[in-house]
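All chains are identified by letter, namely A, B, C, D and E, in their written order; residue positions are counted from 1 within each chain.
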Amino acid sequence: MRSARALTLLAGFLVLGLVPVVAALANQPFYLDLFRRIMIFAIAAVSLDLILGFGGMVSFGHAAYLGIGAYAVAIPAFYGIHSGLVQWPLALALSGLAALAIGAVSLRTSGVSFIMITLAFAQMLYYLGISINAWGADDGMRLARRSQFGGVVDLANAYVFYYVVFGVLVALLWLGHRLIHARFGVVIRAAKSNEPRMRAIGFATFRYKLAAFVIAGAGGGLAGALLTNQTEYLTPSYMHWTRSGDIMVMVILGGMGTLYGPVLGAVAFLLLEDILSAWTVHWQVVLGPLLVLVVLYARRGLYGLLPGAGARDG
Amino acid sequence: MAEPLLAVRGLTKRFGGLVATDRVDLEVADGETLAVIGPNGAGKTTLIGQLSGDLVPDAGTIRFAGEDVTALPAPTRSQRGLARSFQITSIFPEFTALDNVALAVQAHAGHSFRFWTPARAERALREPARATLEQVGLGARAAVAAGTLAHGEQRQLEIAMALATRPRLLLLDEPVAGMGADESQRMVQLLRALRGHHTIVLVEHDMDVVFALADRISVMVYGRVIASGAPEAIRANAEVRRAYLGEEIPA
Amino acid sequence: MNWLLVVEQCLNGLQFGVMLFLMAAGLTLVFGIMNLVNLAHGSLYMVGAYLATAAFNRTGSFLAAVAFALAATLAIGMLVEVIALRTLYERDHLDQVLATFGLILFFNEAVAIVWGRAALFTAVPRALSGHLQVLPGIPYPAYRAVIILVGLAVALLLYVVVSRTRLGMLIRAGASNRTMVGALGVNIRLLYTVVFGFGAALAALGGAMAGPIYSVLPGMGEEILIQVFVVIVIGGIGSIRGALVGAVVVGMVDTLGRAFLKPMLSTVLGPSAADNAGPALASMLIYILMAAVLFFRPQGLFPAVRS
Amino acid sequence: MAHLHPPTRAHADPGQRQLRRLDGVLESRRLPAASIRTTQWPGMRRTKEVTVRQLRIVLVLLLIVGLFAGQAVLAAEPVKIGFITSLSGPAGIIGKHMKDSVELALEHLGRKVGGLDVEVIYGDDQRKPDVGKQLADEMLKKHKVNFVSGIIWSNVMLAVAPTVTGAGTIMVGTNAGPHELAGKMCSELYFTTSWQNDQTPEAMGKYMQDQGLTDVYAMAPNYAAGKDMVSGFKRYFKGRVVDEVYTKLGQQDYQAEISQLRGKNPKAVFVFYPGDMGIQFLKQYAQAGLREQIPLYSVYTVDEISLPAVGEAALGNYETRYWSPDLKNEANAKYVGDFKKKFGYTPSFYGAQSYDGILLIDSAVRAVRGDLGNKKGMVAAMRKADFRSTRGKFSFNVNHTPIQNFYLLRAVKGAGGDMEMQIQKTVFENHKDAYYQECPMKW
Amino acid sequence: MTLRLEGIEAAYGLSQVLFGISLEVPSGRLVTLLGRNGMGKTTTVRAVMGIVPIQAGRVHFDGRALHGLPPYRVARAGLGVVPEGRQVFPNLTVRENLVATAANRRRAAEPWSVARVFGLFPHLAARARSLGGTLSGGEQQMLSIGRALMTNPALLILDEATEGLAPLVRAEIWGCLERLKQSGLSILLIDKHVEAVTRLADHHYVLEKGRVVWDGTSVELRARPDVQHRYLGV
């Protein structure tokens, strides 16, 4: 059973890895852009799932980190600093810091309060973003060029960029895999399962949850840095609450508390959007009920429909 | 006389108008087993909650091993050597029995900001956990998901998790609740084996269990300790019999 | 500061607050009693607005249009509850979020298919198009005054229903102990369906009242939905009283912030800095308020009693 | 294929070629080509099941297909235009106006552009810049379009235009006019048939200045365009501005701001409230009884999209604009008349400039005689603005932004009792935008 | 009006709790369910009421099948429940607690009224306007009984109705049960106070680990100290 699932997953990654080759052979480089964007959202979704699925922390403000990561690339670029070696670490650090501050306040609450307080912070950042004229306000800013890596890695090359994103996604999944099985991940998952018990056996859970929150925020920031490079554009609308909702939908659709579910969710959600919207302008009238059906009949998300997914992931 | 391991003074906790514990005083000497008995709603679980740090008392102090721990949160008290089991089974149902206990070991084996090595590969966690499982008689069930263990086994797992934190004081909240006679017997044997090695505060309904294990008994009614003493003295105490053991004395 | 203006802005805040209350009352009941996070509540508001506007334009009677919208949305709400939401009560909040998010997409597009994407037009009913002199020097639009009155009347009605009637007792009892209500012979599923429909009708009332002053558009429910969530979280989930207080507080804070924050800031920071900071801060105000309330009182101002 | 029966084989290869060609045609018209491919062709391969009757059906079909394909062969590669706008969600109404106008333009052109067959691929940007960029990539790389057109929002345009021009493809904007693209970021390959954002408020500023108005109260949403509009207005209006108020983006209720406004007692009000914000503001302004007291001057607020929803609440309001349905010229009369006939509603400026966009592309393709590879030739042709624009005669500035007239419009009750915009006077003749000198392009 | 359970099995999730419970409460009788904590007494009540799904077995009342019905239908068939832990509605007043779910679906000739409940429990009358959550344990217990009576049941089920109560209060409740029994109401009673209930009850069932291990009359139970000690810890 497990091997059937492993094969499916491997096949999935092979497909993702071969997209550029197929696109080149078929002379359809567009699919490079489409799947790159999908993978960027998959990175955001996987990072959200670390706290949402594994840690039980329902953050409704994940888009805030996406936005911060995007600003961390676009603002230096605006002042002429194009080095990815500055921008990307900055994106990780700033979004992580923001997550530290937001988490330190939010994690004192739980349940619906937690959902709403994370939303509140994201909305504050959104309104801040659209008010800062120097950095484009609502119009946003054009990224003059993609992040530079001293000529070693050239993101202007669509294939190189694709494999960079692919590499980041695979690395994130690998890191995630290590992390959820390491001491830290065990603490996070157990705290979701039974937090009073965790405290009773001696874990000060707050600091671990906060650390997970920061890691997830940094992951979101990285996705934001990639997204501005993808779009070559920064806009505060990356931080709008509907964007947080989209990412959350990808996670739930794909399967919470699994590593690969969010990837699946991002692929399904964005591909459906692309395909249905080419078919009819009323595509949302189809997508909406589809989501309802997934909730009603695929209880563990799309991941649960994979062969051999009966066994728990993690 | 040396300072008792646990000393509680004037512990008071209110929920709205209800006084759940009312100026409770308790002392537990090192190595002693104290049973707290009383009818439902007498405030026993509230007492345990305050001792373990899950509830903040409205008044009173708790001294443990010579230090005032009244203001310390639960995890810190656990680190100081206070372990509790829960009245309603509280485990990690998705994890295996061994994982459950290993987690308790992990809590007391340095910090857990380790992101790389699989916890299951850490022998320093697994081996003590396995030994503790053996100790409570669950060795053969190590790989079973805790949620699918039988009720009695889950209660044993509770004890194992408490033991795995290497506590100086065990707070046991109704360890035989919901057990059949045979399971109760096994649990009593397990707890009897812990006597002397561990200091125990035991909250229990089952008089057989209480009289089998306790060195001393405190009786709580309506949030107050109405009597404390050796088992025989308690058994003979008329007030206790009337208030708790349910014998009606003609008015 | 001109105190007449302050009074007028307080009226505006109150009016905005009661609009929020109409939405919040239903949402908080559904959330507090059935434990359902219903993102599609805004869609019911939109459906109500569409139905009322379409009916008003056809019949010319605003009262009849509102009555029709209430009845129809009540039916639609109950239908949605039975078809899609009923099985979600026992589920994770996140499943509910995903499913009701799907419903939002569906409803927004469905009204676009039926009525087109252009905003529907409706004017304020002629009888209410004038102004009232609330106080000397404060002319106030009659329609908005009516909104305040209707909102307060609904609040009073809800208070009576919830606190004085058997239905209200069952609603409160169900909020604290659903199982027990069922075990005493009450068809709790039916009760839930009715309460959900009731909440939908209240949202529709809000939408119908909003039609003449806002724009009736696909997607009109989402902007207000987030504000309504802010209201019920501040007020305490499941509490009608909390919803009322939360709505008025949010309405007041938002309105007074928009009106007076910039002038106040400009005395401190100077006019140009205030021009930049004022509007940004005013937009964030209710979120700041919510974060602060949740931080100090995670259960909200008037949490519903639970066992 | 070796085991196919001879009669089948005899027709198979040419048939296959024809089918392939047909696929191209069908796909380009977005017909379900795939269904023909899968239902007929595989059936022929499964020789054992092929009965005489089936063969006959196939032969007939092939004949029909051949007829179509033959036509396709006559025509050269079609012109492909990618048209990006917002089609779903609240802004979908604007997209609908634009799309309908594109369709009308194609109809007027006999569904040919520059004499070539044309295929328009519509994309829904959902008002999100990253989705817009995604669509642009899809159109450039997947559909290999010759032109990208459309775009409502400045931020989407700023993400899309450089992508398109960077790929060497011509971009014809038909609404958004961010100043960056008129100034420093101008490009040989970027044209707009609308305006630069500031031009319209400049016209309003000029008009109000000319009227000698003073004590003006300015309002706009708190975002970049809102602030640009007010600064554009102030470029020509030199009188006293009582206050500038920026409201929350997407706000629904303006009662508080209207109360503040009344408190300041201005002589005139200038606002910029596009889309549903405008509908709400105008209704509430009228309901507050201010419409009769303080005249309202607006830009991008009262238009043919909002007017039906605002109704008499807009009566007497002023707007400035480069175009109006009642603008007197032959091309406009045809556009407005046919549009109303075909779609049953009054077109808006969003539509007019989209219609113009297609005509502009037509003029370019015509000038190079269908040689779509000749970008230089097409750009040179487009610079002449040699087509019958709905706005009458106009020319392109060096930055490819129109130099055009701006008019003062007023919302009045038309002959049929419906609200409509009527041109009052010309405010600017051949007005240039404020940024063209920043554009380094020379021609 | 006889309640009959045949081979009831029930489980919480994966762990089975009841392994085939059969018992009978004849019309107008008072029957007890005895056993230590966690033996399945409460689960039996919950299974009868339809709160816990029954996996096997049948429940009949007055000839009607109740198994598989939702709780409200079971209640409407004439079963009134006084649950473990009283479970009064804390946010409703005493009067509201009584009125909220009141019904007379079986058209009892002399239906219960608030006044009649207050007659049975004079303590409650004084607290009619107090919130349920503010009552003392004994008052809550009386309220819970009153609430069940207001549904005019033919059979009353009481789960640990005297637990944690002062002796005088317990005596009051037992006295009241006796009066109810005399009025013709059938009663299924779970109680730990063996001595007291043997005086009240007609028949006893002893549960051990989800099975009935002994049943008999009060006289028989008194004669079996071994049963009392082994299964009941007396």
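By definition in this document, a contact is a pair of C-beta atoms (placed from the backbone, for glycine too) under 8 Å apart; a residue touches a chain by one contact, two chains touch by 3 or more.
Bear in mind the structure is a predicted one, so any value in this text is a computation, not a measurement.
According to the touch definition, list the chains common to the neighbour sets of chain B and chain D.
A
How many angstrom between the C-alpha centroids of chain E and chain D?
74
Between chain A and chain D, what is the separation of their C-alpha centroids in Å?
33
Compute the distance, rounded to whole Å, between the mean C-alpha positions of chain B and chain C.
48
Which parts of chain B, given as residue numbers and ranges, touch two or more other chains?
In chain B, no residue touches at least two other chains, as defined above.
For chain A, which residues are shared contacts with two or more other chains?
127, 130-131, 133, 282-284, in rising order.
Touching two or more other chains, which residues of chain C qualify?
108-109, 112, 279-280, 283
Touching pairs of chains, all of them, please.
Result of the pairwise touch check is A-B, A-C, A-D, B-E, C-D, C-E.
Please name which positions on chain D make contact with chain C in the complex.
88-90, 92-93, 96, 222, 244-250, 252-253, 255-257, 259-260, 263, 276, 279-280, 283-284, 287-289, 305-306, 308-313, 345
For the complex, which residues does chain A have touching chain B?
Residues of chain A touching chain B: 175, 178-179, 181-187, 189-190, 193-194, 196-205, 208, 211, 312.
Under the stated contact criterion, what part of chain E meets chain B in this complex?
Interface residues on chain E, with respect to chain B: 13-15, 36-39, 133-134, 137, 163-167, 170-171, 192-193, 195-196, 208-209, 230-231, 233.
Hey, which residues of chain E end up touching chain C in the complex?
Residues of chain E touching chain C: 49, 51, 70-72, 74-76, 80-81, 83, 87, 89-92, 96-97, 99-101, 103, 105, 133, 147-148, 151.
Which residues of chain B touch chain E once you look at their complex with the stated criterion?
Within the complex, chain B contacts chain E at residues 16-17, 39-42, 147-148, 150-151, 177-181, 205-208, 242-243, 246-249.
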